[in-house]
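The following block contains the structure, expressed as structure tokens.
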Amino acid sequence: MLVVMKAQATPEEIQAVCDHIVQLGFRPHPLPGAQRTAIGITGNQGEANRGNLESLSGVAEVIRVSKAYKLASRDVKEEDTVVRFAGSNASIGGRDLAVIAGPCSIETREQAFAIAAEVAAGGAQFFRGGAYKPRTSPYAFQGLGLEALKIMAEIREKFGLRIVTEALDSESLELVAEWADVIQIGARNMQNFSLLKKAGKQRKPVLIKRGMSATLEEFLMAAEYVMSEGNYEVILCERGVRTFTDHTRNTLDLSIVPALRHVSHLPILVDPSHGTGRRDSVLPMARAAVAAGADGVIVEVHNHPESALSDGPQSLYPAQFATMMTEIEKIAPVVGRHLTRGVSVSAAAGQ
Amino acid sequence: MLVVMKAQATPEEIQAVCDHIVQLGFRPHPLPGAQRTAIGITGNQGEANRGNLESLSGVAEVIRVSKAYKLASRDVKEEDTVVRFAGSNASIGGRDLAVIAGPCSIETREQAFAIAAEVAAGGAQFFRGGAYKPRTSPYAFQGLGLEALKIMAEIREKFGLRIVTEALDSESLELVAEWADVIQIGARNMQNFSLLKKAGKQRKPVLIKRGMSATLEEFLMAAEYVMSEGNYEVILCERGVRTFTDHTRNTLDLSIVPALRHVSHLPILVDPSHGTGRRDSVLPMARAAVAAGADGVIVEVHNHPESALSDGPQSLYPAQFATMMTEIEKIAPVVGRHLTRGVSVSAAAGQ
Amino acid sequence: MLVVMKAQATPEEIQAVCDHIVQLGFRPHPLPGAQRTAIGITGNQGEANRGNLESLSGVAEVIRVSKAYKLASRDVKEEDTVVRFAGSNASIGGRDLAVIAGPCSIETREQAFAIAAEVAAGGAQFFRGGAYKPRTSPYAFQGLGLEALKIMAEIREKFGLRIVTEALDSESLELVAEWADVIQIGARNMQNFSLLKKAGKQRKPVLIKRGMSATLEEFLMAAEYVMSEGNYEVILCERGVRTFTDHTRNTLDLSIVPALRHVSHLPILVDPSHGTGRRDSVLPMARAAVAAGADGVIVEVHNHPESALSDGPQSLYPAQFATMMTEIEKIAPVVGRHLTRGVSVSAAAGQ
Amino acid sequence: MLVVMKAQATPEEIQAVCDHIVQLGFRPHPLPGAQRTAIGITGNQGEANRGNLESLSGVAEVIRVSKAYKLASRDVKEEDTVVRFAGSNASIGGRDLAVIAGPCSIETREQAFAIAAEVAAGGAQFFRGGAYKPRTSPYAFQGLGLEALKIMAEIREKFGLRIVTEALDSESLELVAEWADVIQIGARNMQNFSLLKKAGKQRKPVLIKRGMSATLEEFLMAAEYVMSEGNYEVILCERGVRTFTDHTRNTLDLSIVPALRHVSHLPILVDPSHGTGRRDSVLPMARAAVAAGADGVIVEVHNHPESALSDGPQSLYPAQFATMMTEIEKIAPVVGRHLTRGVSVSAAAGQ
């Protein structure tokens, strides 16, 4: 259910409606829009009774949301969500394309800084690097953990790049939320509902990668888990699904970009590195992602892919990354976008 | 096996090598390139003995082709194949983007002409329309057959558009080859090897749609069936594969475009209409296809999609088609392409 | 639409109803049942008007069939279809399990006879062997053609085994219908609608293999194509579908057996050889097929699998085939079945 | 790497080898077999040096294990693993078929006891019931949690049934390990590596359900994560994978049973309830699972499926469960198995 407030509703009226919803045993989710505020109502004791809500001061109308996803739905919030980062011009969603780049894993301080220098020079606004790695084998390199988080915090200081990194469980979630700018939930954890709820209690944006066999609805329900806990800054990321094909590691399903756009207000990124698993396909698919209307891309870049501890074959060389930036910059205007290279950090910076 | 001729080899020398290959019990496939001619050797009695071939006059070297596909492979022909149409500037492959547009089915002369006028005005070079329809149900509209072919021949005369239409079996193949410009083999027939062989005996270009669960190699082997019969003008077309997803009718696998480009010299089109099954996804995916490096697109356009006899929900309105043309025209230069709208028919026209 | 005749309706009344349906521009399909005859009505000019049909003599009721498949539906024919073979006790469907066994391809007369002797000794009632092979590569062994059909006709004479073999196109269809007992339509041709229609005009049973990515409805619509032409002896065969898995060649979808049984009266076989592609999985999956309620199995057996011209790795050794027969014989009674080994040919035999 | 001890090696010699492995910086996993003990060596600093290991007292040979999974591999342990439950005759793996049955969710004490009485009467040895439910929607019933665990502990006391229930995260894992007999890791958490490691530190058997798009190798690597932490009692469970098919909720991939058996010593169960999602397919697929060689089945049973809080459409009625038991009991001997109904609890019982 959704309470749409009148355009001129006061903060006090909005608060009063929220209080009333709490008294009914539900959870209110005030979502400010360009024209007016809407208040999503969630809870698992069935639907709230709409009757008395409509009579409250400042309420325009009460609407039933029929889709399984509520807060993630465009029915509840018409305008596109734009995730902004205080103290910088970096954003995800909206007119500016977001580019997140970096190595699969943080291997050493030197490697991380060398790659960060390249991706900053290339114009990325975000740096990605694995601190906690979900590896298929328990005997494979599992990431440097906290040490990697600290290295990336230094990279933010030095290059102004905002940091995106994956959390695997409660422990790493706390640390990622403390040290990074965006908490990534990986494809393998897209239906780790316990982790999603915990991410919903954090106050950092959450980037959710689509599970390998997730439907559009399941993908949005993962976002809903985070949002239902009060964290509305959720970013969706297509990264390829599992099919019978063997010419790529996964099948990048770009058609989910317009399909998600149609039903949800959340930003949508595309990961052509995991989506294809082949360096020479990353550039064409990054172009295609932007042309399909994605809000940006996340790509793996490595200065020595041939000796990377993980995902070498799909990592771009820095020169390839630079070419990618040039090409998506040219495609951006066709879809009403712009690529603003790099990050201007405002005086008030620090996160 | 592949015989690479010297750059200065004479036609007589090439002929002599071909004759020798025939004597060995194999089939020669002379494939002229920019620098030199290569002669592919096929046959199912195992590999020819390379020994005496290397000693023939004009032969530069003899190379073993290790992939299952031979004539379709870039190992055998390095330059991209461009399919040209005599008497017009229309082409598929090469620098110019090809756009094939029209209704799913030819329903009436009026409908076909009305749509043809729109797609010609929009700048397409090719008209598509089903004469023989592969319908899941025996009780569904099966197409107007020869009558539709005749209507499309009139459309070619009037609008200069080249005609692409599907053949289902021996009987329709003969007629399509007689009346149309490009013989389409549908996804359901991609492994109808008997039909592919018969298409290989025709002297019209053959457009093969990827089967719903075909791997890259199987797709190229379908092309190889046509080429092994001596018809080298084969056009590949990605049209979506079948996966678990439910937000689109099929999953458009754009990543096969760079993957095919890497290993084959054949032109590659994309069909975002069947690939998504949703009108509002066709435009984003057409842009994405061009950005991914496709040689063009094939789309369904209908003047009254809501009353179409087949595939209405995925057919573009004429105005949407015009928008698509404008947008892919802008993306084309980023990938070294150009959209030349419409067809100039030379004085010597007639097909 | 379906006309259910009264139990006591006379042949003349049935004929009169059929004649009336023809006059209405539709095609009648009289389907005798245990209690009464039903007459299916098909045609692609929409639904017939039920009005005057109900008033005809001998008509009990007229029913609308809402599923896309009509003649294949259990709504139209409640009792299981049993395909019988004149002059022998062999049958497919019903209480007796059918076992079809033999090599992937007929390679030589000696090979075929040696294997036929083994499968006859093992208790199979049907012999399978490829005469026309749908090979992925145009350069691979394509089958011995008519020669193979003649060898199999000799095998029928000598061992009493009924012959099942694949037709690929119009030409091979005519020959298979002439020389064999069951016309097989392969998975790659499951939506070769032209071939299905032609098979529907033959008067031999048609075994249709499920396409690699066919849904249950598409599978039944393939049967419907054959039946709509008047050939009601259709046998369905699950042979594995294409998925992301890599531990088997295909994923054998045994759950389609009860699902088909629920909605269709047609017999259902399972092919664990193509379904798994691994010899050591054939026996467990053959047992599982019978336990799931299949009407029988079709398996590849070869006396020298290691030197087979095709599909060696999935072919059973004769001793493994004998073990399979023993084990499915034991499972049969649990599902109300019986394995009658071999074929008693009646005095009136010869077909 | 694997150290195979001599048949007559003493416990002291085995301990000495383990100590030596620890000194090398690796982890030893002593795995007693029928003839001799093998000691698996794991660690993520690369391979241990085999040299000095071979010279230790009691060592027969040192073998390199080439597969990605080590402890789960039959190369490391040849005999089938049988998971036994102290104080009862219940077991999973080995000659006796294991049957786990119960409702999707524990809804009330009354519901749970009523269903437990039915499944105990039907002959199951294990009771399943969800306490912590991984629901797609945050607004759906999430399970009764600890209250459900306590109800199931009472059920164990009253009926002698061993309890199997799912853990979702660290918190529920601790509780499930305390109150239940088998810790289930659900399909959505199959690659929640953090949870798998924590389960590996518990000393209760762990049942891992195959992920919806997991390959055989990924499935065994999930087991490896648990085993690498020292918990060797892992049970695998096929529950259907996600494919294009729409006639069942998932596609039950029974062919993984013989494929897993071939390469791993771990017990393999099949879940035909989630595997099909349709009550009328559960019985045929349960029979098929046993016929394919599974070590048992896990099925959902509900006394009032039509009003179940979750998964009603796939839950068996008690009478259907009883029929299933009768039928799999008959199939068991064909595959060298036996169905021992119910649980004899020994005097020393209590867990």
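Chains here go by letter, A, B, C and D, matching the order in which they are written, and residues are numbered from 1 within each.
To be clear about the criterion, contacts are C-beta pairs under 8 Å (C-beta built on N, C-alpha and C of every residue); 3 or more make two chains touch, one makes a residue touch a chain.
Everything numeric in this text was worked out from a predicted model, so none of it was measured.
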Name whichever of A-C and A-D has more C-beta pairs touching across its two chains. A-D
Please report how far chain C has to rotate so that its Cα atoms sit on those of chain D, a copy of the same sequence, as a value between 0 and 180° in steps of 5. 180
Distance-maximising chain from chain D - centres being C-alpha averages: B
Whole-angstrom distance, CA centroid of chain C to CA centroid of chain D, is 39
So, what's the distance in Å between the C-alpha centres of chain D and chain A? 35
Provide the C-alpha centroid distance between chain A and chain C, rounded to the nearest whole angstrom. 51
Residues of chain A touching at least two other chains: 213, 241-244
Is the chain-to-chain touch network here best called a line, a ring, a star, complete, or other? complete
Chain A residues touching chain B - in the complex, by the definition given at the top: 213, 215-216, 241, 243-248, 251-259, 262, 275-276, 278, 280-281, 284-285, 287-293, 327, 330-331, 333-335
In the complex, chain C residues that touch chain B: 42-44, 68, 70, 134-142, 168-172, 188-189, 191-195, 197, 212-213, 217-218, 221, 224-225, 228, 241-242
Contact residues on chain A for chain C in the complex? 242-244
